[in-house]
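Here's a structure for you.
So that you can tell them apart, the chains are marked A, B, C and D in the order they are listed, and the count of residues begins at 1 in each.
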């Protein structure tokens, strides 16, 4: 069970009679990528109309709001703050007027040289309204002297380092961009309509499934894909010698029913479980996942090991944004709000608990305590990823290194802390193998410490 | 996947320093039993304080509201309307003042002779504020001439026919009641505190798990359990020759981690799946549940049949109360909001789809279409319950008989309608066997048509 | 400047295509009679639709709410709580279903034998939902055995003592009632429409002015005026030997532009000022009203005395329901929020300050302090009513006798308390003369202690 | 009765333990200057905290909001949009971070060369968030290279033309500025506290009255008054050969209890009435003001002419922001929502109606119709200002010239349009005389067409 928060999701559709409603649906499918705020911008007769709200998509948008978001082209964004505070000011798509031309930007990722660019811009008189890293791109665009929007965009983007999957809307074009290293996913699709099809772009393919669009292909790292009334065209940012696709999208972030970086996420997770069974076998009676994120890996572990699988821990899905805790000391209360182990399943058995990854270790400790308290005779923790030893700087909201249990403890120390009978992590090699990736095409810095870019201090 | 709505959940706690917060948690654990409205009444110095809200418990109560609900004793209710409209007026616990004595009633179930009692009371000048069946009990209590509250309560209850699990609070006592046939569950527990323990009562034992209380026993059918400063006592309603515990609590209603009518619900559902595999075998490559309600039965079916289990359909849990649909015609849109089949799992395989029960058949038809559209070569529908042939009059919100597909069609007709390659239902005998029940102790009227009470027309 | 709060206002209209909107306007014109809650009930095809809200009419009703209040007949109510708490539960019109027949009641006034009737009803099993005195009428109606609604109504009303101007709506009739002593005003009007006119009824004639209706006549004390599709008819309650029309409606309550009990309120107030000038003359340079309630009397005082009138105190009308005070000690802060004296007018002059009445004396003291602080050389307080020596039990929210300064102090003591150079009150004879009334037709109990009914302790 | 909307009000206080609450009160007293939005910024340990809201001050700020606005220095703003839309984005004080230094600006007035400055800034890459003219000042400040804030401020201000009374807060100083022509008022005061006094600055002196501060003096045109921990200092903008104080502040804008440009507003208005009586006498029985804005002038007219004064038209002060109109055609409905003429006063009399000014003439026409409909035998309209012939470009929201009745019609044509028996306007000479002003020190462009600055097309 993950305590890392998710990043952001982006969506866009060009020239469809129900653009804002389709965008609403697309964001709904991407809701797992950000629950703090959401926003949609529509383009109607060269003017932008927007609506942003704190909270979930289904709460933030009403029929009347969507009716107001007229126009055949829309982009949208769901956000969990990775930089900046959670103010509506920082909600995206960011909107502005550049020389009376409206622009809106939806951004997934994190730009690592924000600080120095921001300072430079401020020294030249730029006024920042919010604290998001995305706002520097607006100012670079506003100040570039290129005559065409595409020129100004390329001139601005080459100054950015780090992760950015962007959906941009001006008065004439919908533009999708993936940074040269390709940190975050971004996919192209086509939605049938009466007279042909509409181009759609989304962070994950599960958005295409919901709206009934066909998944065409991923945007390439460094690709700028432009849709306008005149058709589509491609531009390219300078090629990066290395790709840095985020392996954590497969481990935890993306929805299991998405195809990310060319592979189904559910399949990746079952592979992670299978390889984990090979690398860290154990004699036991039952494989039990920490739901929902550990289910696929647990099925893989069960298949490979032959140990039966069962849902020994039940998850309550009604948990909202805020939850009022009792003042009295109820054992493992925080975990029990979501998870309830069933002693009828667990009692008297040797249990393999499968989790997707471990951050601080405190949740794992509580889960193991609950499972043992339900009568399990042995509890073996198996983690379907390597030890998490480094924070992410590319768009995942991780705690600092000092809080990562694996950055500061041996596996045996972790085992003792979580009070498991044994512990096993997948190897980095196993990780790459499971997603059929190489270290040349993926970033696994949170697991192997190899950060693909320089970092500002 | 169920389209029947759930009924109600009740909770109460006597003499605990955090009564309203514990009640809040208890209702949270019972949220699956009703999402339309919620309410808590606290008893503080012989006076009642209450708060009711539309929607979910986590949204309806804030820290400040719970602080206002002072006092060591509280009862609570979550509701899905089975009778009456969804107005806050009908939210429970119902509160009133009977001769300046405050009373609050939380009710799970449905009283089948409401209409005639209500008419009789109105003819005698009673003014009804809402439309719930529970309000007739208030008026019977107000008009009874018994000198003791307990006398008036028994005098009133014996006039009611049908299903009622009640938690009642007056200025001195917490009273739990289960009707003589025992339609709905109601369990007693004890929550440790510094100086001993507090009695708790809840619709399901999963509420005890969350608050860390010990499950003591079920209330017996016909039992009135009274807690006051003087301790506990029992009264009994006239004994019924027949019990009518709702078998549908095991099939769908209750949470899998609850123990209901003496048996774990998850175990019951796995049994349903195992017996279904015995009764309706099929040659196939994969057993796939309709999540979440079909998962346990699918695991049972897989175990018994030896056909591998996989989560071939992914569920999105972000669905809120209202969802805005597109105007254009997206295939199987309503189902896709919640469920997305994965072709990487399903393609080229013979699939057994396991659902908990079938009501109208329209959802099953869409699911089968999605599974087939994902590349399954054969789709066999197996239903972990008998055909649903009759509506429920005891607290479950079922459509009328004319809308129940199994009440009006043969199995072969149903198979054709849902477009499955084969269909199989569990037998009524299998149903009773799975929950280790007999037709003397259970009501299965929705499946076998044997209604345990007379019904008003 | 009055610190007494106002009572209630009622309105009704029969058979007009814009019934709910006209009622909204009528309530708006009666807003000064109650600002705590407001409500409208409409009759559409024999069914009632209602909406109630806390706060002002203009805030509580939207276009969409009024659109929902369909139907050609509506009644409405604005309320300041004279009995009961300010809960929405107590907001009026009260609505209920009596033997499946809808009824709604809007009530202005206060029934003085509520307590004993309520106890008797509770002993017979009646359940009260709120704390208003109006609810006893509902229960009396529900329990009466008369075969016709009119019979039940008369049977119920004769049990009530005290003040009630009522507008009642059932499924077939709009009924206006004024109690036999006629405490509160209630007027009949006719609103032209395409095909004839619609009957309207309102607490004050200013409501007719706004909607463009013609004022026809006051309801008589004891009159029951019934409008239905069959036309109008009259019934009569048993005649009272004495009338008790509230003289305070002229002194303070009613709007100056209303005609109440046969006389214009503005004229009454100018008369009060003129007679005050005759009874309590003083040598001074300027007559200054406490705005807005003292303006008419000040103009009368000025006319009669020949001393010039000027608005030496300016009133700020932006004061809302809640106002946040500073923690530091600003002199006379509470009064200054509303009133600002102008030294350019007051400096160096002998000022006669005219107020409508004095309750506790604390506000008067602050006003006189402000006027003196603005440079007035002398400040003479003249009160356009007699000393207030008794609380009202008939629908005016007055403080208890112990808080009324004139009930416990001589005029000289009051003068010293408010720090005026002289003080003068109008005599009771002057009061009756000003409104052209006699003690046989009016209640002036708050001034002369002659309560027209028995009072429950 | 004015249909022109008001402009803005500003307030500031330096070093007071209740700064935000005092600012709240100050804005409350200035509420008549703007009701669309309000805002307060506090300075706490060199950081800004702000809160802005749509609507009235009393609705937009709660105790908890004011508690959050910690810190000993605050500035505030109430706004009616004179440029830009009514979005919260445009609510003031405007806040920004200039090279990590917080700045907040509250502005009353209108800058007439906004368009050209804005275009120039946009060409140099400036991104505008809203549409207010004030935002250009932020950008000029951000881009100026002066080393001291005061230098940058002067460098920026000299580029602005038009009207600006400013209260500015950075991390160290509270700065009050009045433009060189002194269009809008701005006054300095001192509020006593335990250890000395706090400087306060406000658009009008009525704010000082409410908080109990002493009015010290007006800021001079062109003066920059700076308060910091080091004390106060003055800077001066280049001197303007002409002053252009807005005469309309006396005619309508300012509260009657304020002293504006050295003279009491109430006195000015009585003078306007007296001079109007001299210039435009008429034989009549009664002088009746259009309340509230015409009252002072009517008293002056009455005094001078000897014709008695009476409040023949009653004003309802409950009018909120939105009001739902009936669909049916009620005569003069829009005016009747606010004003009700009393036939008991008006019937059979020759009436002089006094209004403060006339814009479109439509409201005057309705009022005269109502007065005549109440039985007046003659209705003579007297306007306490000259004909309004030009729009204001300096901060007053006037309609375009084509909508101004006096810009396009003779007095006789106006008389016929409003259906008065006679009409009389004050002369421009009378206007200047009433406020004891000269055309060298005042702007009366809306009346005499002499605009004191160049205007952008």
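Definition applied: contacts are C-beta pairs under 8 Å (C-beta built on N, C-alpha and C of every residue); 3 or more make two chains touch, one makes a residue touch a chain.
A quick note: this is a predicted structure, and the numbers were derived from the prediction, not measured.
The chain with its Cα centre farthest from the Cα centre of chain A is C. Centre-to-centre separation between chain A and chain B, using Cα means, comes to 36 Å.
Annotation: 52 Å between the Cα-based centres of chain B and chain C. Those residues of chain A in touch with two or more other chains do not exist in this structure.
If each chain is drawn as a node and touching chains are joined, the picture is one closed loop, every chain linked to exactly two others.
Across the assembly, chains come into contact as A-B, A-D, B-C, C-D. Across the complex, chain B meets chain A through its residues 17-18, 21-22, 24-25, 28-29, 31-32, 56-59, 61-63, 66, 193, 206, 209-212, 255-257, 259, 264, 266-267, 292, 295-296, 299, 303, 308-311, 314, 316-328, 330-331, 333, 336-337, 340, 342, 344-345.
Against chain A, in their complex, chain D makes its touches with residues 96-100, 122-129, 138-139, 142-144.
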